[in-house]
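To start, the structure itself, in structure tokens.
The first chain written gets the first letter, and so on, giving A, B, C, D, E and F; residue counts start at 1 in each chain.
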């Protein structure tokens, strides 16, 4: 995180204890868009600290900071694949994307503009939310030419049409909007972990579009391996986005989120499922809905950054060469 | 929750955000016994905010309020069965049953009187405790003609004889008392999830009475399906009560309880087991031992009300027609 | 809180323990606008559960619920004045005002419409926020004929012009907007407790308008009595609104708020200052910025409702006769 | 805390860190009634872990354990008077008095029997509660010959007659019962710090008996010194008991209690007031109502044991010679 | 815990509530080394309250106290095996071993000296840490004649060579040091549950020494039964030590630890694995890395003492006859 | 915090919300020693994340990170003096000083070497601890030519000689060591706020050296103004260091610290006292002993950074011209 000599390697915990230093994602160098080093970045870890799309309990705007804090406990090598992402690609903390907590439409513009810039710069983003509405403007930034495929882990479909007498942009609506806008191809979408009491027509609408919706019951009935194999088939080898809502995991592992649903999968199962996405054509990914006020201990953020590392190892495979 | 026009439907979250409004169980109308609408109620959700039967760590007296608070996140339709309990039956929040925190015997009288009134009014109760001793006076109210069967999820048998030099009424003794009083038929009782270090003769006494006691080890050895099938056989098609102690679930999911035991089942397993009780002749049910002071985040109460919704869907099958 | 026989008296703690029952403000009856009893209400306690105006740490949308919860510990008589507000006037919990967490402009409309209805019904409101922006639409509802005076306890002036590139409606701007709209007469405004590091031109602008701004240093230099005497002089005997931001109190007493500033006054001093406002021509009041996620213990909400009781005793003096 | 060689000195923090070891009160030896060393004890620190007299939020049964835990941070010498209580008298942790959490009347018997034994053994007790009802049986143990005087710090008078349709024994009634039983002389009683909203006739009844009731407003109006001088006059030089309810202190300092009232005095003021009681004829004292579930950080218990040390220094003056 | 008549039985919860009394491990008598009863002790439960070996988040020094506190909820009989350890052997709480929080080398000396004394006295230790470095001096005390075997549950190998420019003694290095010192036979060592992102050469070094390292993935692939069978084969029937790091369990069950890794095993699985070690030649055991500041609720300590009871039942089999 | 164009101004909250971005002290640019911008820095805010000198409850190693987090709520102008430190001097976050959590002597060397570099670079340090032992090596770095004067706010003297059988370097000994080493002139030292139970000879030794020790009682007896006037006289116009231990403030305001003492001064009083040090010849300052694990809400860190801002305004007066 210093100017000279600049390095894309994380600060070593054998030199600097993990609790020390200004916390960047995974102790990587901080390289904002205006930095001279930005051109060398392959994968950019970036926060979108915003939760005004939240219809129930807010707090995800504080997610990026707590995720950065806990991420300083991440080491350099994947325990199973042996991938070393910081050696494989130039990774950096780009800081936080511009947002406006008091204005949803302005924020949608700021975020999509920012991610268009990243795409233009050839940087693959790994995004830390923020509530799930932020995925919409990220997709607006990334899906400029053709609809993307989507692997989506979540307790909820986020396919609702509107809330509160016509409000079209909340964290319950991003994927309906994204399909309507042609950012996602519903036939290349799979949603995994859906559960909880229901209201409205979200599931019905999604099925009509051709989305593959895997409830938690179906996930266990079919088995994780079969579902992940199906996920690979659904999205194919075309450009695909990965969106991981922390509330897909059971709230005993990840209580710090605004809309928990009991009966979710474990972190071990989450790790196994993400690992089975190796080889996909991923153009970006996010981890959203970590809400620190509902988990001051940071356990949820630790789950979040541990999964961000898993996803980062996937992104390394597909990012531009270092 | 308004007087005019009165409706048994919950407040809509598409109109009123879930964090808004006076919190009643599942956003249902508040219909106390003296309300003119009480005659229309089929299923009554009612709190028994009392924990003076607690021998160790108190706090369950605060359970009903926190359960109400979290219950405002419950939606209207079951994700698997599709049951819509608020459409199927007239459900209402009856408020809290009278109690006396400073006098156990007086409380036992108040609670049994109250539940006799409910029975007389033809209302099927879904009770939110309170410590487990409250099940005794509830049973006194409901089992007036013949002993009931019991499906009982718990880490403990609650079959002890006495505490502290002869104290017969604590949350460790309700089912022994209920059997002695002829409120329960021990041969139509099954206890599921029993575990933890032991002392005393509770298990031995229970087995002598003919109770089917399924330890956590046996539950996993036999499999959940087999045990639930056995539960259906044990209680048969005669009137049966369902008692769910939150401490049957592993404390990582439900830390907010007074006497946790490690090594319990998951919430997903709890949901699956409860769902397999469909078709039983249930005359009432309770969910007890949620103790908010040991879980200020409300995660345990969220587990509790999520299971109350599962149980409510069961009760709908057997309650009087709407 | 029952229909028959209806009473404006709170539930008695000598009959029903304070932790029992559906929590309404101060255990008063719940009387929404559509209730047949609404015409008898003199003073309405009402929540505005909204915080989308918050520029920093959200959570005040959860304020009304926690304030209701803690308010069940309030008794019936003022310890110093002996006022018994529930005997003096018909007080009721009106429930929560309509809001839209995802749309600020829509919320401003919903809230002002609601408070116009209250004014039309002759009900004096005691409002529980919510963030401080809610005061703006409340004033739009109440100040229909002429600008009101204002006694304002706060750590901040909330007189900023805009945030985030032109955002005019945040919890840092309500009083500037209210003056611009002619809802408040700046020469009849006093702000007490102002402190904390500064940025922008809020104080300068306020002084130019003629607002009396009393910093915390000046408050102690002049003495509480002198400042409150001055407050009475500033607002005079014309219609006046009282706005109490919980962050005016030192965060050791009230940590549950989004923008704390150290070095504030104590709760005892707050009580003394509010009591010295007896006799003013108060047309309404609010207590805002209680943010439960930052104080799960409820201590801040307890401070909040204790002050709401103090304010309620003031409102009794001026509300329409019972 | 070892058998041989036995010592009445606390474990040294220069040898054993304060977080180490089995926690006894102030690291003193554990000397239960049946120990051969009991005859040498002058002052006994003893817990009464019981809260079944609590009408609102329980938890004080856990007080003694947390008080012991935090008490290991207490050192040996008073910073102002220089008194070294462990040198001046033989002090010991006697353990906890027998109680029955499920039976109030049985507990009253157990506690009074225990304190009669202490009195017979010539041991001056310093009691850690427990809720305030425990003071009644302690007084039954100590006031066997003549009524005692009382210096009573509290936010509440605890002079109510009954709760919940005739319940005479709760933590709101001990001093009314004690006067009725002739254990206290109301004309030698002073209550300091009374505040909070009111209900019932407690203050009126107390004044009729001749109790000196000092509200928080009067305390500050008269000044702490004047009130403490009056306290000394009220109780005179006859045998007197000191009862300190932690809720007399403002809840910002001591949030861990069941019935907080805002606007209380500070810990510094509490220390000053207690110190001014030097020279009284104290036959025992208690510190009650510390409720750990409402303050898991232990800050309230730290306040509690810090005041217990202040009181211990007073008791040293009057206990039998070492 | 009294002197006369002395008993090695725990305090009965049917007489003394579990929240009452000075907390010793499992309510056993406190018998320090200098007690006359020490000669009769078979198994000694002892704390090592020290965490200066911690490279990241400290707090394990507070482990023994919180473990003692929660351990008062342990009963007397194993639910599956029926073993009653307090009947089978003379068990006692020996208090805490001497430590120096400000000096690592001094602490290593104090701890090894202490455990040599225990060994000389024929007492089998069950140790409560403390960070994992404490296992090194415990092994120095116990492995005086020949290297021991080791069954080691952990998320980490703790086989690193050094930290921070050459620091050889941290909680990441104890087993490398123990092998180098000949205290452990690497060919009789098995490590179970290893996971998390990696850095350094710990695993490689361990495999070179011949240690059997079972990652979490391998544990589930092989199955718990097979791995535990292998563990029995690896250590054989020679003297063996059991070291249980609480972070081997998933952090949803045991968040109170300094270096959590997601994706761990459950408490039920931990219980099953420990139970399968019955019959081994265990000369001692520890449970380490419980860090109360990261879990004030005590849930982690409850997991810890529940596992200590499991381990105690194992130790009973091999300790000297009573 | 960007490379181009570089600015010493904090990030604006009118552009970037305060919860957004990588958290540096007061949102200043991060300029480590090896940065090309380091030569322009006048005042360096620097963390020393270390607490191995702590004899009781650790956690202060986490202080700098939480202080940085909360510091993003600091604005640019002092509310009373109007000083704008970021305009007056080039201020920057230098990151954290090298430390070794597992080795005290190594850490003392690393820290003193670092601060010698700062002194050589002409940078005035504002240090965030860490436990109080870190002040010793900071003084070794700054007091190279002559002993410094000291204004010291603390509940404790930190003048002890040794702990645990001869341990000379703990957070209870730094000022005794500093005097012995000639780093401080005891006759130019004043300690303010001393209180709490006592043990050992610290006060006596300090008085013998000529230190002015002001207990909390004396502080209030003399009045804050008189004591601060005396402080100015004691240190005179020679080079002076300011050390602020957060535990000098009452624990109700600052619970997040390892060795709290009740009866301290308020934050308002702290602000007033610090402000009265204007004009002193300050060569550096620290704020120490903020321990986040004992206050996860961050309230203590907020007090800490609010006081760091006050101190920063003092340092601006004396730092080299911009």
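To be clear about the criterion, a residue touches a chain if its C-beta (ideal position, glycine included) is under 8 Å from a C-beta of that chain, and two chains touch if they have at least 3 such contacts.
These are the chains along with the protein names UniProt gives them: A, B, C, D, E, F = Agmatinase.
Every value quoted in this text rests on a predicted model; they were computed, and no experiment measured them.
K.L.:
Between chain B (Agmatinase) and chain F (Agmatinase), which partner chains are common?
P.N.:
Of all the chains present, those in contact with both chain B (Agmatinase) and chain F (Agmatinase) are A, C, D, E.
K.L.:
Please name the chain that ends up farthest from chain F (Agmatinase) once chain centres are defined by their CA atoms averaged.
P.N.:
Farthest by centroid: B.
K.L.:
Sort the other chains by how far their Cα centres are from that of chain A (Agmatinase) and give me the top one.
P.N.:
Following the centroid criterion, the farthest chain would be D.
K.L.:
Return the distance between the CA-based centres of chain B (Agmatinase) and chain C (Agmatinase), expressed in whole Å.
P.N.:
Result: the chain centres lie 39 Å from each other.
K.L.:
Hey, how far is the Cα centre of chain A (Agmatinase) from the one of chain D (Agmatinase), in Å?
P.N.:
From the centre of chain A (Agmatinase) to the centre of chain D (Agmatinase) is 55 Å.
K.L.:
Give me the residue numbers in chain D (Agmatinase) that touch at least two other chains, ranges are fine.
P.N.:
15, 17, 19, 55, 57, 61-62, 100-101, 163-165, 250, 252, 294, 297 - these are the residues of chain D (Agmatinase) that touch more than one other chain.
K.L.:
Got a list of which chains touch which?
P.N.:
A-B, A-C, A-E, A-F, B-C, B-D, B-E, C-D, C-F, D-E, D-F, E-F
K.L.:
Given the complex with chain F (Agmatinase), which residues does chain E (Agmatinase) contribute to the contact?
P.N.:
Contact set of chain E (Agmatinase) toward chain F (Agmatinase): 51-55, 57-59, 61-62, 100-104, 106, 163-165, 167, 169-170, 293-294.
K.L.:
Which residues, counting only chain E (Agmatinase), touch chain B (Agmatinase) once they are in their complex?
P.N.:
Per the stated touch rule, the residues are 13-15, 17-19, 73-80, 250, 252-253, 266-268, 271, 297, 299, 302-303, 306, 309.
K.L.:
Spell out the part of chain B (Agmatinase) that touches chain C (Agmatinase) in their complex, as residue ranges.
P.N.:
Touch list, chain B (Agmatinase) to chain C (Agmatinase): 1-4, 15-17, 19-24, 30, 32, 34-37, 47, 49, 61-62, 64-65, 68-69, 93, 95-96, 98-101, 296-297.
K.L.:
Could you list, by residue number, the parts of chain E (Agmatinase) that touch chain A (Agmatinase) in their complex?
P.N.:
That would be residues 55-57, 162-165, 194-200, 215-217, 220, 250-252, 255, 259-264, 294-295 of chain E (Agmatinase).
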